[in-house]
Amino acid sequence: MVTIIPDIIKESLTNLIKNGERSDNRKFDEYREISLETGVIDKAEGSARVKIGKTQIMVGAKPQIGEPFSDTPNVGVLMTNSELIPMAAPDFEPGPPDERSVELARVTDRCMREAGVVDLEKLVIKEGEKVWMIFLDLHIIDYDGNLMDAAVLGSMAALMDTKIPEARMEGDELVIDREKMIPLPIKEKALMCTFVKINGELIVDPSLEEEQIMSARISIGMRSDSSICAMQKGGMHPLTKDEIIKAVSRTTEITKTLMEHLPQK
Amino acid sequence: MITIIINKNLNKGSQSNERDDGRAFDELRPFKIEAGVLERADGSAYLEIGGNKVMVAVYGPRELHVRRLMQPNRAVLRCRYNMAPFSVDDRKRPGPDRRSVEISKITSEALMPAVFLEKFPRSTIDVFIEILEAEGGTRCAGITAASVALADAGIPMRDLVVSCAAGKANGEVILDLSEAEDKDGEADVPVAIMPRTGEITLLQSDGHLTSEEFEKSLNLAIEGCKKLSEAQKEAIIKRYGD
Amino acid sequence: MVTIIPDIIKESLTNLIKNGERSDNRKFDEYREISLETGVIDKAEGSARVKIGKTQIMVGAKPQIGEPFSDTPNVGVLMTNSELIPMAAPDFEPGPPDERSVELARVTDRCMREAGVVDLEKLVIKEGEKVWMIFLDLHIIDYDGNLMDAAVLGSMAALMDTKIPEARMEGDELVIDREKMIPLPIKEKALMCTFVKINGELIVDPSLEEEQIMSARISIGMRSDSSICAMQKGGMHPLTKDEIIKAVSRTTEITKTLMEHLPQK
Amino acid sequence: MITIIINKNLNKGSQSNERDDGRAFDELRPFKIEAGVLERADGSAYLEIGGNKVMVAVYGPRELHVRRLMQPNRAVLRCRYNMAPFSVDDRKRPGPDRRSVEISKITSEALMPAVFLEKFPRSTIDVFIEILEAEGGTRCAGITAASVALADAGIPMRDLVVSCAAGKANGEVILDLSEAEDKDGEADVPVAIMPRTGEITLLQSDGHLTSEEFEKSLNLAIEGCKKLSEAQKEAIIKRYGD
Amino acid sequence: MVTIIPDIIKESLTNLIKNGERSDNRKFDEYREISLETGVIDKAEGSARVKIGKTQIMVGAKPQIGEPFSDTPNVGVLMTNSELIPMAAPDFEPGPPDERSVELARVTDRCMREAGVVDLEKLVIKEGEKVWMIFLDLHIIDYDGNLMDAAVLGSMAALMDTKIPEARMEGDELVIDREKMIPLPIKEKALMCTFVKINGELIVDPSLEEEQIMSARISIGMRSDSSICAMQKGGMHPLTKDEIIKAVSRTTEITKTLMEHLPQK
Amino acid sequence: MITIIINKNLNKGSQSNERDDGRAFDELRPFKIEAGVLERADGSAYLEIGGNKVMVAVYGPRELHVRRLMQPNRAVLRCRYNMAPFSVDDRKRPGPDRRSVEISKITSEALMPAVFLEKFPRSTIDVFIEILEAEGGTRCAGITAASVALADAGIPMRDLVVSCAAGKANGEVILDLSEAEDKDGEADVPVAIMPRTGEITLLQSDGHLTSEEFEKSLNLAIEGCKKLSEAQKEAIIKRYGD
């Protein structure tokens, strides 16, 4: 948990920011190289491998028949789970998800759900009794900063890649036809854009180094229509209202470019 | 077997442009704050707002037994947000769940900027937030009460962090959503600020908003925080005099 | 777990006892001030806040439909759970209930159950299939000694405060009518009386200080008809048979006064 | 689906004034105790009483690895009461449950008064009680066997704690309730004593009794303890000579 | 976990092996004294107490009605669980089974299952819905080396001792007749034979001391027809192929003798 | 309610004497190995064989925080075998189960003989094996990839441990069983060797075999290991040159 950044590195990074520069020569609003592949796991009904710089996440989506929640009998369920597995960083430990992992999964989940990415009403097989539950698993395998944006990007791509079997009731019988795989009904697209504050500046897509010296973080989930579907502040220091408003406005621009990474369909 | 539940409270369905409980769009629910309500804790506070009942205890600064968490140059601030099993309609199983783990994390981050942690290296300040009854907005209520409990414990602070949510329900941007408004509404934006500087230490948005609606919600929440801030100060003055 | 009491405090408390006195001027058979409110949590079907001196417990009762145990198909279920939450004392830790917490819940549970406080037979909705389960949750929020007596007093009051919805079978349908709330059927009243032994004397309602220097503890659960419904010895030192008999006899007197704190109905 | 279980052992329903197994009201079930039955443990004992089969191992005094539990001026005595999965009619899931946690605690308290803990500061004495077969009265059987195992381990003691229950079934106060008597009976009063002084180190009452019945049960249990105490001594003599 | 063997003991044991001897005068292919009793726990439908030297294991078998696995609807289930309880050795700790305990249970389970010891098809009460599940619990109470062979021997004996109630469907009703207890259908017999390698020699039935200085371990499960039903290598050092082949061949001989310890029926 | 699953992949039932995927009895599935594929880990490797996809990260030698596990005269080698929830047909619940605990243990034992642990007393070398997709033979794939990751981390080793299974399906002894062959087959014999000496560091047999069939399987697995061994070396050469 305790990561000590030598003062000298901290100072040099901060000085760069002061001069409008970053250690990898990026602009303040520039993402690292993004790579996104889908269909990478044959056994998963949907999958994606996303890389933002050296950060790497595998996302798998698996449908399962279940009961709807009793207060929402006519919609299916999307469940997001995240594992900061010890492979990904020297300070990640085996065991049940810690608070960072839980936050990552919950923010990703809220972003997809509130944006209405999946048409959950189409996942009902029999109202109040049988619905599709989509399990989205985030497997973080290399952590070099900015997990939030990578998680949402990978989740969006994995959901767009997902195919579920045709399922129907025939009298009392539930028939699941794995020979007829139907694309998951996608209604909206949403992505997330994270800024950190260093020396009073907001810079997008923080690298690990930048995260370690940041004073605060803000992640904004946005739909393709530029509406806001999620927001989460993090970090030990405050943000001003102006900074937040500015971050929202920059997100509107950046999201447009980010969306181009998604499969075009 | 089929279960039928008869309940008069469901399906109110008032579609008038007034809020169900008669509040104005920018009106907080009735609230009260009290400091110094527990014997054993180093500091404590009790807060009611609407149907929420929140108790907070602070212990520390004290020795940190988990060496792995220790910080050489500052105190650790650990918050534990916990709901009593009887605080909600359907009994909550004791123990942390994913929701409470996330809220505990962001509550710590909301309070930390205000505390002079650097005065207590290698130690811990523990904040225990117990939701005795929940009716929408418990995380904000917990943060607001926690600040008072920290002050009651004599922890040196830059400011008293205060928290309140705004959001959107029935198409309107409104302050301090009740449980019903949160459940049926479109969005909830919990905010915490340090009132002296207006800086924001907690910010989430759960729901769907345009940029304009978001900005309006943010402003409204900040106004709500300022009103609650007065009550915090009064609670402390009432306990210690001024 | 390890509480070090300075020798000087220990000595002074012991000396007081020797002279027939206690540090807060109470008599050996005198309780601290007791405060008891019911109906304090609107969302709980029954609730109570009990204070004995500075010790404070919130008790909530929540009914839930469940299946009866297979060996007792014709009675409902009362489940008692206790949480020594870290709010209540500097040495209480988060996590699953420890041995003190488990003992508190189990002794409280036995006291209520063996006294026949709730008429469990009236909690059956359909024999062998559907009964009411009453969950009694003890939330300890301030610990200044004598949790046992406070737990039983608060539980008794919360149960007397509890109202459950009318439930009935209509053919195959279970109808739960939350508009008709019926008081939980209370058959008996029972309370608990705890003594600790210090310097050979038995004193009732120990404060935290007194618990910390006691040699032994005895808790006696008694019904309003003076019969015994529970007993539990604690502590690292023994008691004599005479001490136990004396404690029972003093409990008979004290319980009469204690009962007056319960709601009068 | 309906399940019907046919079982000749149920519903015996003898309502004579004799006990089902023919014992007198103040008669113990057949029992035997053996000391030194395990290789690895520092001390051990095996006890059978009625259908109960109990094995106890003692390790220590030895280093205590959990610093938090360490006592500067005495040893800690930790007991773990555990039921084998096959010890009861319906298989018990492995691992501690609330019942075994409580019994472990009161077993420690029952044994502690007899042990010269102050001779071994900062260390631990661990007592592992395994119920291999359970037929009513296992906590008492565990305590009685544990004393012998402690003696076998050479732990210095003031006395050999011994334990037995009395209670009420079919309206009569009786000694050493069997599983059936405990299940159908009105009350169970487990007691442990240090026989030299007669002091009581364990006392519980589970059930409903008048003061007179309680006192009678207590006396009866003490008599039972005294009989078992002789068997404890014989077990130790048999192992070490006298 | 860390057991330090004084170098002097290690050296002396190794020297003995060099001279073809063992510290308890056994031959390399000789087991310690074996004692095996069945029917030792009245409440268990099958039970055995096995001792190999001072190593002692109690095994209990308990049948329970359950659902078959969905991919094998027409066979019953055998579940093996093992507890290295802290009674058995100073370094065993309370808590969920550790890796040694899990390995012991899984190897025992594979050995019984792959040998076809129990005729699982006869445990079906209603195909796809109701089968007998046999829970085999290994309770290790004294650990003086070679748990594997003791576990398999005790499990085999406990299964041979097991009687299950007659169960049948009468229309929709499941009738379990505990007055008619039927022996568990045993199809095959299998045992396990464990060698450790010390100073280049393979010796059977290692004592605790020998296990502590061994370089490698190999356990071979064998049926009475000399076929192999399980194998597991352990230890921090390698084995050669020749050593493995030799171990298999010696197991063929030893198993014949070992089988004589089983109840003869 | 009855559930019917229609699936063309089931019930292939080819009973010809060729393997379902057209391989010869002694033929490995297509495979590839890559070294140095992760940024944060000290060493890493990626391996595909048939439908298996395995990623391995190595951290260390580094400080061991669990004092209880520390070895005064050597490093500890800890392996954690873990399956991603999406790696199998039916989603696997996250976290260790009994199978993964056993595989982690034998994987450690398979790798340890090759590592100069004695060079790093009191420290740990951690090997994290993630099964991203599973199609039969994952434990062997994990070991083979782990060796490459250890080499990539610069850990000094006597040899590159390599692992492969052979077994019996449809009455034939065959190399490198696919998931279908493993499921319907008679036996699976996973083996790991140090190729320089041919010594065996992992050996299990799950299934039913005669001694002759076992020996044949063992030999076949060793041949498979040797083929894979070449690919390991190439992966390292490709990363570092030779």
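We just call them A, B, C, D, E and F in the order they show up, numbering each chain from 1.
Following the convention adopted for this analysis, contacts are C-beta pairs under 8 Å (C-beta built on N, C-alpha and C of every residue); 3 or more make two chains touch, one makes a residue touch a chain.
For clarity, every value in this text was computed on a predicted model and none was experimentally measured.
Following the contact convention of this document, no chain is adjacent to both chain A and chain F.
Over half of the residue-numbered contact pairs at A-F are shared with one candidate from C-D, B-C or A-B, namely B-C.
Comparing mean CA positions across the assembly, the chain most remote from chain D is A. Taking each chain's centre as the mean of its CA atoms, F is the chain most distant from chain C.
If you average the CA atoms of chain D and of chain E, the two centres end up 31 Å from each other. Averaging Cα coordinates per chain places chain C and chain F 57 Å apart. In whole angstrom, the spacing between the mean C-alpha positions of chain E and chain F is 26. Taking each chain's centre as the mean of its C-alpha atoms, chain C lies 48 Å from chain E.
The residues of chain C that reach two or more other chains are 97, listed in rising order.
Contact with two or more other chains is made by residues 68 of chain D. The touch graph of the protein chains shown is a ring with every node of degree two. Think of the chains as beads on a loop: from chain B toward chain C, the beads read B, C, D, E, F, A. Of all the residues in chain C, the ones that touch chain B in their complex are 41-44, 47, 54, 56, 58, 60-62, 64-65, 81, 83, 85-90, 94, 96-97, 135, 137, 139, 141-144, 172-179. Only residues 68-71, 98-99, 101-102, 104-106, 109, 112-113, 187, 189, 194, 197-211, 214-215, 218-219, 222 of chain B touch chain A when the two sit together in their complex.
Residues of chain F that touch chain A in their complex: 1-9, 38-41, 51, 53, 55-57, 59, 62, 80, 82, 84-91, 94-96, 126, 128, 130, 132-135. Chain A makes touch with chain B in their complex at residues 1-2, 97, 99-100, 102-103, 105-106, 110, 114-116, 218, 223, 226-241, 244-245, 248-249, 252.
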